[in-house]
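Per-chain numbering from 1; labels A, B, C and D assigned in written order.
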Amino acid sequence: MAQFMPLADAIATHVHDGDTLAMEGFTHLIPHAAGHELIRQQKQELTVMRMTPDIIYDQLIGMGLVRKLVFSWGGNPGVGSLHRFRDAVEKEWPRALELEEHSHAGMACAYQAGASGLPFAVLRGYAGTDMPHYNPNIKRISCPFTGEQLAAVPAHRPDVAVIHAQKADRAGNVLITGIQGVQKEVVLGAKRAIVTVEEKVDDLGAGFNAIVLPHWVIAAVCVVPFGAHPSYAQGYYKRDNAFYTEWDDISRTRESFLAWIADYITGTRDHAGFMAKFNAAHSDKERSNG
Amino acid sequence: MAQFMPLADAIATHVHDGDTLAMEGFTHLIPHAAGHELIRQQKQELTVMRMTPDIIYDQLIGMGLVRKLVFSWGGNPGVGSLHRFRDAVEKEWPRALELEEHSHAGMACAYQAGASGLPFAVLRGYAGTDMPHYNPNIKRISCPFTGEQLAAVPAHRPDVAVIHAQKADRAGNVLITGIQGVQKEVVLGAKRAIVTVEEKVDDLGAGFNAIVLPHWVIAAVCVVPFGAHPSYAQGYYKRDNAFYTEWDDISRTRESFLAWIADYITGTRDHAGFMAKFNAAHSDKERSNG
Amino acid sequence: MADDTKAGYTRDELMIVEAARQLRSGQSCFVGIGMPSLAANLARLTHASEIILIYESGTIGAKPAVLPLSIGDQELAETADAVVSVPEIFTYWLQGGRINIGFLGAAQIDRYANINTTVIGGDGYHHPKVRLPGAGGAPEIATSCGEVFILLRQNSKSFVDKLDFITSVGHLDGGNARQRIGMPGRGPTRIITDLGILEPHPESRELMLTRIHPGVTVDEVLAATGWPLKVSEHLQQTEPPSQHYLDVMRDLQQRTAKAHAGGR
Amino acid sequence: MADDTKAGYTRDELMIVEAARQLRSGQSCFVGIGMPSLAANLARLTHASEIILIYESGTIGAKPAVLPLSIGDQELAETADAVVSVPEIFTYWLQGGRINIGFLGAAQIDRYANINTTVIGGDGYHHPKVRLPGAGGAPEIATSCGEVFILLRQNSKSFVDKLDFITSVGHLDGGNARQRIGMPGRGPTRIITDLGILEPHPESRELMLTRIHPGVTVDEVLAATGWPLKVSEHLQQTEPPSQHYLDVMRDLQQRTAKAHAGGR
């Protein structure tokens, strides 16, 4: 049953050192505030999974909190490389990073299998590629009717799913509007789910066939306005494309990265503090640029 | 690409004798008008699949058009038996009926596999039951990671899918609102899809995450008001529960069944004719009862 | 149907009330049409206001004001927290292990609570005397729900020594048979009939009569069972239904009849 | 980047226009961010108004007024005919065989149009010199689309004799290798570069230069290819881009830059 609580409490209560964590969101609704809170609380030895480990995981990796990454595309969308991810893989800084690498289809199907209570998923994929040589979690399976050879991947069953959504009602039912990614699957496949939302409302106003996650599949709901920034929340705010570009500079060197984290993440108490600082700095910047 | 055409033309063009046909709709949006048209056109030797072959298939079976039925629950919902279905199985009237019998989960997963372009589906089901003894399309499969034994069923890939929906826009994009059943899966898994709709509109008015089938996965769209009657269309008309009860009487004997078909189906030219006759008869009846 | 008793309620009414009393707020409950739906909604309207009703049509958290006549009534869709596809309800929700209680009926049940809803008599599956509707959602409800309640009037036609067909599995041939074939759920934990309640023996899993309804004798139950039914040493008597439960149930039934009468 | 030519357009512009010209109305096209998205939207805004653009974020039939910066921009969701989940886009739509054309880029490509977007150099997969983003949707786009177009600037760093890693399959080691391993799609049918167009030989499937862009010499193409590139006996020259296509493309790019500049 969903309990409303501050984000810091949700992370402290539901995320433990060594957990496998999936923070999903497909460009839209990426739970950045929750990622920042993991850094503030210095959660250790995490296995993190995500189709598109973008800035949110670049930060966790750069801070050395991640032991293993399960993923399918690790870049800064529309900008280029994730420098902290590359530094970890290429130079083992700040530590070596174990990789389990899939395709998008493999990840999506593994999440579906997790949500479906199945131990594995079947897809037509990976054939002829080098990916199975480096990922023992990609196997072949035969169709018992046609004999066709297909790929099998084990289900993703993370300890904790973290997603961001637009609204929760008083009972903790959650509404997702717009691009929905794999959020339903990761919540239903996880042992515990934390959902940050833009706001708590009396009535979701959800039509038929809207994407609603009922309160009883969620452990904690946290009201965190702008909780997806610099990603976007349809109906609330746009993607901060400029910050994705800035991240390329911030994250390029270890020093500038650590300075930014010290300033914006460990140097702020919570997401409201982060947003206040961020907005102040960026309105200054715009003024100085103007 | 969807073409608008009269229902009679769609059935004549896209349904051939011997085809495998799936007319889906889960209580809601059952494509009865299309079923009637199959009877008017006397399509022969059909294999028909449907999770819940209710009145619509009872009529096809009673008219001897069906060679084989693939299904998971064959009753008159909330009323009792399907007498024509029972007569075919128990007495082989008007002909023997081959059965391929699944559970709902098995059927739903087989449709998903069809839509997914996979040759089979995996589910945790059927274990310990007698169903696999009578259905060679239920096999066991091992998880390549855990060794768990699961069930496998072949994908459903019907020649023709037929569904009913609320609206189509001018391009032939179709909106389904409310209980959506397996309609998306059966359309995407079929070689050709016929969709009957309550009305053609300029703009579907579909919100984010609404169930929209794009025009380019549909062969024919037919505007057929009340095309789901006696089933219902959310936002248009309610389920005619009284007719489901009446069907128990109509279908109980071969004679009364054939008389009803002669009167209402082969005795009418199209669905508008059927509805006019049906409404006239039932308003008379109500008067005579009153 | 059972007769009215002097107590002011029928045995069917007692059966429904007793089934409702087994449910608790917060449980997720997979409900079929008919008696299970009546019992689950009675629970929701009395002591278990926060029970979560899930119908296989994809309606999650339905709160119908009147009982549905079909598994996909618009009343269910209009009152649900979420409406999802039928494949999703069977994969993510049922097989996904999200359902605490599954409610089943049956045409036949055996001593290990295996059930038949497929064929009866005649010359086997291909030439039955009576062709029943078939499996529906039952096999996987029986497999994947946390536990299963079966609601069924008790007589020697329905409580049989040997099923004509195993449609859905209870405890198979007993013992730890479910675990052996990898079934995640605990299977049927109680069979609620118009005469009493049967529960599986903790080890053998053979059904035992553990509770008997007021006004029913053990001999009557034994006569209504097609095998030598074991009776618990600690046989208890069911609480009679309270007037409040009877009132709520009858009111729900009347509202339902009224709502569906003006159907056309 | 290619220089401006006297012709009044850059080689990159010619590459994009040429890619757009390969597309037709009515085709369903799986599009990534960047050059493929630019080419596909250019086609939509010119000769192929009824082309169906599908992005892996689940947006089907997107008609963006400006180019998306990410695969899941709200512009895509707001203009799409349908928005579905990411698992659905990969299962029902891509693997389901509903996509005619898949558009891919690459870091490296070999003579059979196999591509690498995973790692380059260093000491193999575990200790690469350059860690690239990885597979994304490419392996299954390459598997399941009716055919695949690859859009890539041509030079000897990207057109290599041997890939450091096979991320997505083109024609493997040639011949009927795709059919042999059960791939439904035809695989890469054309590689559109800033120098010309390469197509697989009908039998060997080895890439051949079949068209060359205006102002480019065959020697230049050979020098930009890390293997001895075969040249078609019927080598043709690409049509220069019409002013209309250039105007529409530049206008789209300007609108895009303007829309995204005011981002915060």
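Everything that follows uses one rule, which is that a contact is a pair of C-beta atoms (placed from the backbone, for glycine too) under 8 Å apart; a residue touches a chain by one contact, two chains touch by 3 or more.
As the structure is a prediction and not an experimental result, all values here were calculated from the model.
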Minimum number of chain-to-chain touching steps separating chain B from chain C: 1
Pair joined by the larger number of C-beta contacts - A-D, B-D: A-D
Gap in Å, rounded to a whole number, between the CA centres of chain D and chain A: 28
Approximate Å spacing (C-alpha centroids) for the pair chain A, chain C: 41
Computed distance of Cα centres, chain D from chain C, in Å: 57
Where chain C touches two or more other chains at once, by residue number: 77, 83, 91, 95, 144, 184
For chain B, residues contacting two or more additional chains: 112, 117-118, 123-124, 148, 178, 180, 184-185, 208-211, 234
Pairwise touch network: line, ring, star, complete, or other: other
Pairwise chain contacts under the document criterion: A-B, A-C, A-D, B-C, B-D
Chain A residues within the chain B interface of the complex: 117-120, 122-124, 137, 139-141, 143-146, 148, 150, 152, 154, 176-178, 180, 207-211, 234
Contact footprint of chain D on chain A as seen in their complex: 26-28, 51-52, 71-75, 77-78, 81-82, 85-86, 89-90, 101-105, 108-109, 111-112, 123-131, 134, 148-149, 178-182, 184-185, 232, 234, 238-244, 282, 286
In the complex, chain C residues that touch chain A: 26, 28, 52, 60-61, 77, 81-83, 91-93, 95-98, 144, 184
Partner chain D, residues of chain B touching it in the complex: 1, 112, 115-118, 173, 184-185, 188-189, 206, 208-214, 216-217
Contact footprint of chain B on chain C as seen in their complex: 33-34, 56-59, 69-74, 76-77, 83-87, 90-91, 94-95, 114, 118, 122, 125-140, 143-144, 165-169, 172, 177, 181-184, 260, 263-264
